[in-house]
Amino acid sequence: MENFPILSFITFLPVVGMLIILFIPKTQETVIKSLTLLVTGIQVIAALIILHGFNYSLGGINDPSSFQFIEKFKWIDITGFSWIGRIKVDYFLGIDGLSVTMVLLTAIVTFIATLSSWNISKSIKGYFLMFLLLDTGMMGVFVALDFFLFYIFWELMLLPMYFLIGIWGGPRREYAAIKFFLYTLLGSVFILLVMIGLYFSSTETLADGSKIFTFNMLSMMDVHNFTANGILSPLNPNNLRLIAYIALFVGFAIKIPMFPFHTWLPDAHVEAPTAISVILAGVLLKMGTYGILRVCYPIFPDITIKLVWFIALFGLINIIYGALCAMAQKDFKKLIAYSSVSHMGFVLLGMASLNTIGISGAILQMFNHGTITAMLFLTVGVIYDRAHTRGLDDFGGLATQMPIYAGFTTLAFFAAIGLPGLSGFVSEAFVFLGAFGSGSIRTLAVIGTLGILLGAGYMLWTMQRVFLGSLKEKWNKLPDLDFREYAMLIPLSLIVIFLGVYPSAMLNLMNASVNHMVKFMMDAKTVYGSLIGF
Amino acid sequence: MTETVLIQLAGIILFLPLLGFIVTLLLGKKIKLIYNFENAIIIIAFSLSVVLAFIKLSYYPQNTVVGEFQWINLGNLPVLGPVSIDLGIMVDNIAALMIIVVSLISMLVHIFSIAYMKGDKRYNRYFAYLGIFTFSMNGIVFTHNILMMYIFWELVGLSSYLLIGFWYEKKSASDAGKKAFIVNRVGDLGMFSGILILFYTYHTFTFDKIFQQIGMGHIPFNSEFWLTVTGILIFCGAIGKSAQFPLHVWLPDAMEGPTPVSALIHAATMVAAGVYLVIRVFPILSGGALFFIAIIGALSAFIPATIALTQNDIKKVLAYSTISQLGYMILSLGVGAYSFAFFHLITHAFFKALLFLGSGSVIHAMHHEQDIRKMGGLRKKMPITYATFLIASLAISGIPLTSGFLSKDGILAGTFAFGSLTGNWFFAAVGFLVALLTAFYMFRLVILTFHGEPRDKEKYDHAHESPFVMAMPLVVLAALSIFIWYTPNPFNPEQGPLLSQWIKAPVIYTPQDARYPFMRSDAAPKELGQTAQANNEEVVFSETYTEAMHNAHVPAMLLSLFVAGLGLLFAFLFYQWKKLNPDKLAEKIKPLYNLSLNKWYFDEIYDATFVALTLGISRLFAWIDAHIIDGIVDGSASLTRYISSFSGKFDNVVVDGLVNSTAYFSGFVGLVFRRIQTGKVQTYIVLVVFSLVIILFLFKSF
Amino acid sequence: MIHIGLSHFLFVSIVLFSLGIFGIVTRKNAVMVLMGIELILNSANINFIAFAKFGNFGYQGQIMALFVIILAAAEAAVALAIVLNIYKTFSTVNVDEIDTLKD
Amino acid sequence: MNTYNLNYLVNSLYLIKPEITISIAIVILVLVDLIMDKNKKLLPFVSMIGLVVAGYFIVDQFSTNSFAFNTGSSTGMLVIDPFGNFFKLLIVLASAFIILFSVSSKEIKENLERHGEYFTLIFGMILGMMFMVSSADLIVIYLSLELVSLSSYILAGFTKQTLRNSEASLKYVIYGGISSGIMLFGISIIYGITGSTNLYEINSLIQSPQIQNLTFFLAGILIFVGIGYKISAAPFHFWTPDVYEGAPIPITAFLSIASKAAGFALLIRFIKITFIKSVDPEGFWHLLGIIDWKSFIIVISILTMTLGNFAALWQNNMKRLLAYSSIAHAGYLLLGLAVMSNEGIAAIIIYFAIYAFMNLGAFLVVMLIANKTGSEELDDYKGLGYSTPFLGVALAIFLVSLTGLPPTAGFIGKLYIFIALVDAKMIVVAVIALLNTVVSLYYYIRVLKHMFLDRPEKEAPAFSISAAAVALVVVMLTPVLVFGVYFTPLVDLAKNSVALMGF
């Protein structure tokens, strides 16, 4: 059990499932569904095993020795053209406090999403094939430590997502799908370019002491591994690090999505089937912020420190702008989509604080937003399945007709507006405590608190429009939740409440890493300063 | 009898109602009688809290008992070193007394509701909500740190939201709930910012630790200005929760909720939480902050009082009187009359709860008729209600032998002393004026409701005295509105244990020069004649202040008696003996009358400004998002339309997914490119030759 | 009696080349277009031979010219066959009427 | 004439065993066609055997490095070097697949009686291309180019009956004739300036500063026209869409891969050998200042890819769409050359190895579909992903690979091109290329959209595919997927193939 490659297992299990499903006749729908459920279920168990074996005291981030469950094999090793030197791509997986939370999140959300995919009607087989492929892509992104590998997983998600939205989506699905695809691809080509640039700027020292260019992210994080004249090397007086950073950041920001690159999100969400919205909001958006924390921050600490104010600013814009846009929406799902924009703003703000509390808050917020928004989209799905409309003004008084459903929704809503006792509160509070703690962005943090108010505004208004007031005649037939919906909502609710009461469960996981990162960023100023006079 | 027992007791008292909430909520649908479980729980909680208070006040009157645990450990932070967030329970005299008040009133309201809410279709859930409210209120009472305070702060907000909107089928109800929550959030933003400053400065939330550090002269941003700001920001929370000016607008609307709820939450306990908060942070409030608090208190005492004069909805009148009374407490804190503020909190809790429950019983009897113009003469029909209601009214008007007289008199004395010390008599003036108004509108209410001839006959005929479960709480509360529980001498509260032993003005931690002059520990009376020691009282804040209070006592009492009597007199002149005609008066001072009748137009103003603004911006942004941003990011939308009209072929392609405008653009480029693919080979040749020539000119390298 | 030098030959070849291009671009008839191509090839031939003669580069030039002539013949054969085929299918050899393949 | 020279001739003949094999194959094909003109079944086998043998010879002498057919001192008309051999191998491989295509292609089957000439002509092309990639002498270059062209003119119009076939061939012949004519004119000028037609000699001659730059530059560009038309680089690409659409699918595929490969090989050899000054240890070339090839190629390539991609947005005919996409790919490939370094050449080689498979695969699927539905129109692809999932998915993978998304091989190809660019600090060009990739996504994804997202008006008839066809598709599919995740062998191959004779 010690050297069992659990990360590869959890990552490629879905592919195995895919291959099996490939040979199941498409008429065996329940078999396919149950198999997928099984696969994702095993994933959750695997995630829990990882959690069990996880050592809380190890930092990770830039220190290879303190990553856990490491799997490092030579994948591609070309004893190179004399003039490039050797090309070496490692199959390098490993997790630290930063990624373990995301792995857990992915496992849970995917499992829930599988449940909510149960009522997919057309071409089940194709759907679940794509679904599982997507699953692998997401898992992979969170465990990969080699940039090349990371990028492959990153791109691997595009196509399945395109089809999942484009085939199983709503009326304007094709538009939404292509929009999503193009935006993300645009982002990822920037990432690709920076990746290559970094490859030529950073080296890795092999056992025999020879230095070679590398895709190994961890090596890129050590300033001493940079070549003297690499275009992205801090040692090179006229390097392009700033531009590269911005390109990279934009690449990730599109996924977050950060204003003004967010416009794909509402369309994608509105058109996507419920399960996919859940995945999209629950996991995919996190990849943007995860990427920034995993790649931008440690590899470009010098630039990060310079630009942190702008990151916070964009976070603030996301918060306020998203909230205000949400307030004006007439479509339930679109409103939730915009609320995601607002909530991801908190993550950005927290990250920008560059101190432990802020970054912990950001990561915690990533996790909480994953679960809460998943819940919100599920609830939207529930009502849409029954009423076949999402117009907020079409409803009213549903609390009388579907009290339990109303209960869950209320829980999710209050979690989303950061009610104490529910998970949302801790992360938001931490984000603000952190942001306020860092002098440069203090004002932005204070302004940002408006987001809490606006959040309460649109959420309660939505509550009122959907659940309160007198019941409309046409809805007095709607049934309340069924077993499957319980199965989806209860676990999430429990997580939301549990993390609200005992956030340490998550925070302890990441503490070591976050502190390590903060330390790293602080040292960076001196380290880089000594190299390229700040 | 160890202190840990206290903590355990407190813990049990805190979490019992939560248990009640969960059980009642989950089983509410299945088991019809589950509400009894909740009631039982509350009764247990009450008896336990009596035990708790007894132990605390009799065995450990001096020391505060604290039990805390580590909630979040952030590990070993760079620079800061290890940081952790602790939550915990603190039981001191204030908390002990407060918990009794809360759980007692909560219990009474529960019992009252059994009858009042009979036949409601969400009967059980109502009790569940009461449960979670009690839980969160207890939390506020017991907290030993400001974060936990904030947490339960929000939770009471939630429960009040749920209870105000309990009859959510009524739009007005759900609106009121929403309004209450959001307006409170506004205040909470301030409080939260205050917490941000505190945590940033001290890296802890615990009151004691913060106090100690301030005591050591470590203040936010090393400036007294910021200390004041912090104080004011924290106080913002109180402004919201205690419905102080300018955030008082939610409380009157909150009367949409069931009347017992109004009694419990919006009169006795939750709204008092604001005052409780200020009491908790009192030691670190600088002079500036206190002065600000005093002003807010004064305004909140005055404005609603004027509004209450003209309201005709029985609950609205009481609501405004609540705001006004809370204003009193805040004011008294602002002028430094700490102990009287808390004293008034307690007394007010009882008689205001009584007033509301009384009105509830009236409304119940009148089949949910709330307009006092349709009432009258009810005293024959419902004597108990009348009697208790009358006592409460006397108490609130500050007539001797009532609890209200004692506490209110203390507050007035405080303002008086403040005037004498600082030469600023404004607060005193407001205090007495409001006392007058209070007496007037309260008896206007009593007279119109219970005296004279019934104005709505058949409603009157169906009216009847309430059942025992409703009457009993009234009686209990009425009893509690009598002076005897608080002091043997009906004219001097100081002689009772409450003020002489239990409620003590706290040690002030604010830097000396940030305080009111008279609060400086070195501030001695001008002529050292009979000082505090002389008539062996202990020193509050400073010799000066103690003496001033001492001197203010008697004149304030007389004056307050006078104004109260005046108010009473006018009330009778207007409404009982009809010597004066209110309508004529109203005609004479039309503008003022309208101003009062329309609640000073606060709601209108807010709707016209903040609400409208926010919604407007949000619509604007949404439009921008849909049109401009999408446009900018995807290319220009207008160009789009131009081009698509330019070529019909476009639309097919558009439909084919090239919807965004970059797509249009690229499509446009593509269009150009395909224009040259004419299919005529000779054209190609020409193009080749041309481009050849161009290339030759471009690249001739010399 | 002027002495004919390299430049004269080059001049002729240039003229031929240009005429070829001109013919190709302007003629409608496919056969004429092919003629244009022949002209270009021949202009090149003239160059080869002229250079070979005046530059004393040995026989490479002449050989090249021979090859070109042969190829030209072959190309002409193929081209004419195709034109014939075009005439069968389109029943015209008018180049600019043959534009069914286009965007 | 002493024996030495004779030996040398014999050695040269040894060196061109593959070409000889092909030539013999041609003869045999003709004979077989004559002798048993009833039974055409034999022809494919014969040609496959021929190719296999040729392939064997190529592999056999893969790493030899020498001149054949000496002219004068130290150089020869042909160069046999790994670089050339790689492309020969590629050509042979492609041809083999084309033979298989043709066997299963409906259009070709319909003209069974003319199979003999069909295969003969294909082999003519193969021969020509083989000489193209190894020719080091302007005469040979021209001759081989013409040989390829002449056979392809006819092949383009092979099925004479159909309108577009003959139109394609006409356009092709006129366009090609002129281009080669212009090229020839250029050659003549160079010959005039240097007095030699051998690239190596020319190179050594022009090292000296005193030559007329302008004329030489003119000549160089004129020659580029000839080659540029073969590799369909803008602005000499105009024939491509029309001919590709017009020609039978196997021929289109053949043109888009084999002759393009040969053209690239020729271009690289021509530029490098003729204009090289020195190669620095990093493998960057330093060319003579006569022609600023670097910026020239950059401009051409950007123009090519942009034009190809943007024009492709419009196409509703699959073949035409692929034609434009192949133009765009020519642009990417040119970037590899624009780097002017051995690394760039390696990138081109890798790209070609992958491009061959994915493009052939795409054409194959298009052909299989056309065989059944008889249409190449995009609108007839609606719902194909459901009616015939296998073809749908296969085509999807090929297109994704053409877009260059991981984990398909196409990504690796692009990756190497970009690596080369970034290494050469040509960031801006790289960005433009990347944005082009994004644009290209539009039209590739459009095809996917038609196949999977759109429902046809009338349910598309599910048609069965022969096991052979499936096998063929799988053969194409495997490398596209395998090289995506494990490309070591590919790169090793490229590594061994970058060596050009001399430098």
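Order of writing sets the chain letters: A, B, C and D. Residues in each chain are counted from 1.
Keep this in mind: a residue touches a chain if its C-beta (ideal position, glycine included) is under 8 Å from a C-beta of that chain, and two chains touch if they have at least 3 such contacts.
Fair warning: this is a prediction, and the values are worked out from it, not measured in the lab.
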{"item": "Pair sharing more residue contacts (C-beta pairs) when A-B is set against B-D", "value": "A-B"}
{"item": "Farthest chain (mean CA position) relative to subunit C", "value": "B"}
{"item": "Approximate Å spacing (C-alpha centroids) for the pair subunit A, subunit B", "value": "38"}
{"item": "Whole-Å gap between the CA centroids of subunit B and subunit D", "value": "80"}
{"item": "Chain centre separation in whole Å, for subunit C relative to subunit B (CA means)", "value": "98"}
{"item": "Whole-Å gap separating subunit A and subunit D, where each centre is the average of the chain's CA atoms", "value": "43"}
{"item": "Numbers and ranges of subunit D residues touching at least 2 other chains", "value": "170-171, 174, 178, 182, 241-242, 311, 314, 442, 445, 449"}
{"item": "Contacts with 2+ other chains: residues of subunit A", "value": "174, 177-178, 182"}
{"item": "Multi-partner residues of subunit B (at least 2 other chains)", "value": "657-658, 674, 677, 679, 681, 685"}
{"item": "Chain pairs that touch, as defined at the top of this document", "value": "A-B, A-D, B-C, B-D, C-D"}
{"item": "Subunit C partner contacts - residues on subunit B that touch it in the complex", "value": "674, 677-682, 685-686, 689"}
{"item": "Contact footprint of subunit D on subunit A as seen in their complex", "value": "75-78, 80-84, 87, 123, 151-152, 155-156, 158-159, 162-163, 166-167, 173-174, 177-178, 181-182, 185-186, 189-190, 192-193, 196-197, 199-200, 231, 240"}
{"item": "Of subunit C, residues touching subunit D in the complex", "value": "13, 17, 20-21, 24, 30, 33-34, 36-37, 40-41, 43-45, 47-48, 50-52, 55, 57, 60-61, 63-64, 67-68, 71, 74-75, 78-79, 81-83, 85-86, 88-90, 95, 98, 100-103"}
{"item": "Sites on subunit D touched by subunit B in the complex", "value": "170-171, 174-175, 178-179, 182, 213-214, 217-218, 221-222, 225, 235-236, 238-239, 241-242, 289-292, 295-296, 299, 306-307, 310-314, 439, 442, 445-446, 449"}
{"item": "Complex contact set, residues of subunit D against subunit A", "value": "281-283, 341-343, 346, 386, 400, 405-407, 411, 415, 418-419, 422-423, 425, 427, 430-431, 434-435, 437-438, 441-442, 445, 448-449, 452-453, 485-488, 491-492, 495, 498"}
